[in-house]
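Same chain, two partners: subunit A is paired with subunit B first, then with subunit C.
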Partner chain A sequence: MTATVIELDQDGPAAILRIEGDVTSASEADLMAAYGLAAANGATAVILDFSKLEYMNSGGIGLLVTLLVRARRGGGRLVATGLSEHYRQIFSLTRLDEAIEIYDDDAAAMVAATA
Partner chain B sequence: MTELTRPIRRLLGRHTDTPEPDAVPESPAVTEPARLTDDPSIAVDIAESDPLLAYLQSASGPIEIARLELDSPAVRAMREAGVALVVPLVSQGELIGTLNLGPRLSEQEYSTDDRRLLTTLAAQAAPAIRVAQLVREQAHEAAERERLEQEMRVATLIQQQFLPRELPKLPQWQIAAYYGPARAVGGDFYDFIDMPDGRIGIAVGDVTDKGVPAALVMARTHSILRAEASRSNSPGEILRRANALLEPEMPARMFVTCLFAILEPETGRIVIANAGHNLPYIRTDDGVVELRATGMPLGLMPGIRYEETEGVIAPASSVLLYSDGLVEAHDPNQQMYGFPRLRQEMAVDDAGSELLDRLLETLHRFTGPDWEQEDDITLVTLRRASGVADEPASDGQAGPALITAFSIPGEEGNERLAMDRVAAAAGGLGLPPARLERLKTAVSEATMNAIEYGSQGNPDVPVDIAVETTADAIVVRITDRALSGAVPTDAEAPDIELKLAGAQKPRGWGLFLIKNMVDSMDVTSDGSTQTVTLTMAREERTNG
Partner chain C sequence: MTELNVKPPPNHDAATNRDAANWAQPVDRLSAAGVAGATDDAVTGRRVSGPLQGFGQLWQKTFTVRLDGVDISPTDLIALWKERFPTFWPKGQRFYAPLSGIAPGEVALLEIEPLPGAPVRFSTGVLVLYADDESFTFMSPEGHILSAWITFSARRDGDVTVAQAQALERPSDPFDELAYMLGGNRQNDRFWEATLRNLAAAVGVASPAVDTQVVCIDRNRQWRYWRNVRNSATIRSARRTLTAPLRKLTGRG
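Up next, the complex of A and B:
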């Protein structure tokens, strides 16, 4: 199993979480901590950059739902970029794409997130 | 590449295609000692043995070629090309190229300032060029990897074409076969051939070498053996003719080891001839015996004769034919599986359970879960019923060809291992990449369920996975030990809105994903095990 590596890149109200490796239920602590840090720094929109995602399973999808619930409670937005065709399809099947806006790259997501 | 340049590349370790300025002698040009370009007036090759190389390695700045007293072909070539000054490009103590300059346009000598400037320029340019070289090398390596993977897919595809689609249906015989390709795909094959009078020809072989060449030789051997088996009922004669046909056309340094057996199902009489292959083991009441016959591998030399040996498989006995991949497998401590271990396994009386399954289980226990299979593994087992009425006779299961079967410890996280191994096995079977991705997700999710419910997360309770191929689909069977009973398959469909509203738990996507990823999912249970069967068509199925 490849560990999740999450790199936080924040400038103003939008933060980018660059996710590398696997997103499974085992990623919960790391993902929540990174999100918490971004929120504490005043981010109102969080961009999840999946361009280095290797594998995400149903546990990882459950985790995104948990993160969505948390973001909405705090009045924040979740945005996703860098999803491969396969995971785009999964976002569409699970209708996660209705709750998380999807953009092709960080630049487009950043424009949308700070609009 | 010429023989001349190869040693230099090895010496310098890299090459670059740094673009060169206009080809006028006066203009400076970065040249790579190892490179041949269209422009011999600027780029000069320096052979590995050329003394100029050593000189450049230790030089501290620009070198005037006219004053250089070296018996060097490269220096002569440079002079002819109009090179006046050579500035070595050194990055981290390593010569990576040279900057070759013609005479100054003003026709004056290069001044001390010029030289200082060039030395600074070289010092700054060298690391940048080195980076460019590394980037290019990486791109080159990536392309090479892609090419090798493509070749592997082609080899696997050829290989699959020649594996039997179904096993012979013989009353009173239980026949099982396994073919597990290594990542690099060796040249293993096996075949069952219907012969006159109800006899069955069985071939197990191994082509030396790997990849597409081995797959092609395997395909050729396969068809020759089939053709010869229709003309003769003697294994020795079949191998003799096969050798005579293969020998003239065999590529250099390749040959085929092959065991050919003919079985009389009624009597259990088996006659074998052997072309340098592993000898079959027969388990009898008195222990395990090896059926010996000798002969040269096919394709090595003309005019070989093959001796024949016969044996009898008594009721309740088994015979095993196998390739090197099993006995030459290594455990994490580099211990080899070896013949004695196989013989010992073979000796265990396993009435009721399948010999082949047990051999594979033992092998995977021996190698451990992180094993990267070194060579193709082929196993063929034939067990003769005891003759007692309640003996499970062969059901002659017709149908899909087994590509690989393996077990993983029932511990969370191993679903990735299962996913990767299925992907490796299914990767060459003509599944488009998008469909392979979907199959991977389904396998991973179904294995996660098997681990969670079937094994309750206990690494000592394995999950068994088999990959089969049919004419139009890939079929993956995932069998768990059903410790928690059946995996629930009728759970409430996950709904993102209910989940976001807190009316459903965030989790619970697994089954939903599986059903949506593959063309069909079936669950069967026999009380002590549960099997989830995933079917993925090679092509998108059109509705209606």
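Up next, the complex of A and C:
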């Protein structure tokens, strides 16, 4: 199992969380801390960049649901980018794609997130 | 171990292969063709429905039991749990496992007795969304009382193996939400507490103690999903039970 590394890249009201490694329920503290930092810095739109995602189990998908609820509660938006075809299928299978918009790259996600 | 200071480029193909076999294949509509012996009037032809598609408040429930004094690894425990899953359910509740076992993409059927001795049994099911050596996850179909995922897992805590069931669930429609508020929530807790106690007892724990953590993740109700009631397995099952005598009389039962 690889650790989760989350890099925060923020520019004004939009923040990109670049997620590297594994996303499982054990990633909760890191992911929530990164999101909390972005929100504290004024981010209202958060882009989850999964282009370096190596592994995700059902605990990781559950974590994304709780993150989504937290974002909505604070009036924020959550979008995703960099998903491989495999993870796009998982988003579709779990119907997560009905709640988190998916874009091909950071630029498209940034435009949509800040629109 | 030597640590290199150079990161290899991300390899998406290799990365996706690591968990690909653990997930169900994408499916538009469920089929319970691989299950024998149960009523299937609320699963085949339905879509899956997770915690984002339900109506009621969103709850996260975590049930754990420590298997003190038992020498069993997490992988052996999960193998046993998958193999004998129906036997750990409380009396009166039935789980019809897929013929090929609990594996990604398989569908199981359930018959739930809402109250002990109740004349109506709810027929519903689950999709095995994810399964690996240390965990497996079910996702409910449309019409199930709860729009939910539930993950069964095992881990080591020091020298002790810990079994866990963690659900992320919303009552599916306004009637389910009302029933949940009027006792369904607590009854659901008791169901999984009993299941974990049965599992622990089966591997030799003398007096298993289940720890229950319940957190309301989202107090808001998703009113745009009130129409989920049209798929309600509860209503469908009740109608089937009530019309059974008539169907018997007319030879259509």
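Methods note: the second predicted complex is superposed on the first by the 115 of 115 C-alpha atoms of A that agree within 3 Å, B and C clash if a C-alpha of one lies under 4 Å from a C-alpha of the other, contacts with A are read in each partner's own complex, and residues count from 1 in each chain.
Criterion: a residue touches a chain if its C-beta (ideal position, glycine included) is under 8 Å from a C-beta of that chain, and two chains touch if they have at least 3 such contacts.
Small disclaimer: the values here were computed from a predicted structure and weren't measured.
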Overlay on subunit A: subunit C relative to subunit B, clash or fit: clash
Partner chain(s) touched by A:H86 [first = subunit B, second = subunit C, both, neither]: both
Partner chain in contact with A:V65 - subunit B first, subunit C second, else both or neither: both
Subunit B versus subunit C as contact partner of A:R73, first or second or both or neither: second
Which superposed partner A:K52 touches (first subunit B, second subunit C, both, neither): second
Touching partner for A:L96 - first (subunit B), second (subunit C), both, neither: both
Part of subunit C, among the options 77-85, 113-121, 185-193 or 239-247, whose backbone runs into subunit B after overlay: 77-85
Common ground on subunit A, meaning residues reached by subunit C in one complex and by subunit B in the other: 25, 55, 57-59, 61-62, 65-66, 68-69, 72, 84-86, 89-90, 93-96, 98-99
Complex contacts: residues of subunit A adjacent to subunit C: 25, 51-59, 61-62, 65-66, 68-69, 72-73, 84-87, 89-90, 92-96, 98-99
Residues of subunit A that touch subunit B when the two form their complex: 1, 22, 25-26, 55, 57-59, 61-63, 65-66, 68-69, 72, 84-86, 89-90, 93-96, 98-99
Touching residues on subunit B, where the partner in the complex is subunit A: 413, 415-416, 419, 434, 437-438, 441, 444-445, 448, 494, 496, 499-500, 502, 505-510, 512-513, 516
Complex contact set, residues of subunit C against subunit A: 10, 12, 15-16, 18-20, 22-27, 47-53, 58, 60, 129-130, 132, 135, 137, 139, 149, 151, 153, 166, 168, 217-218
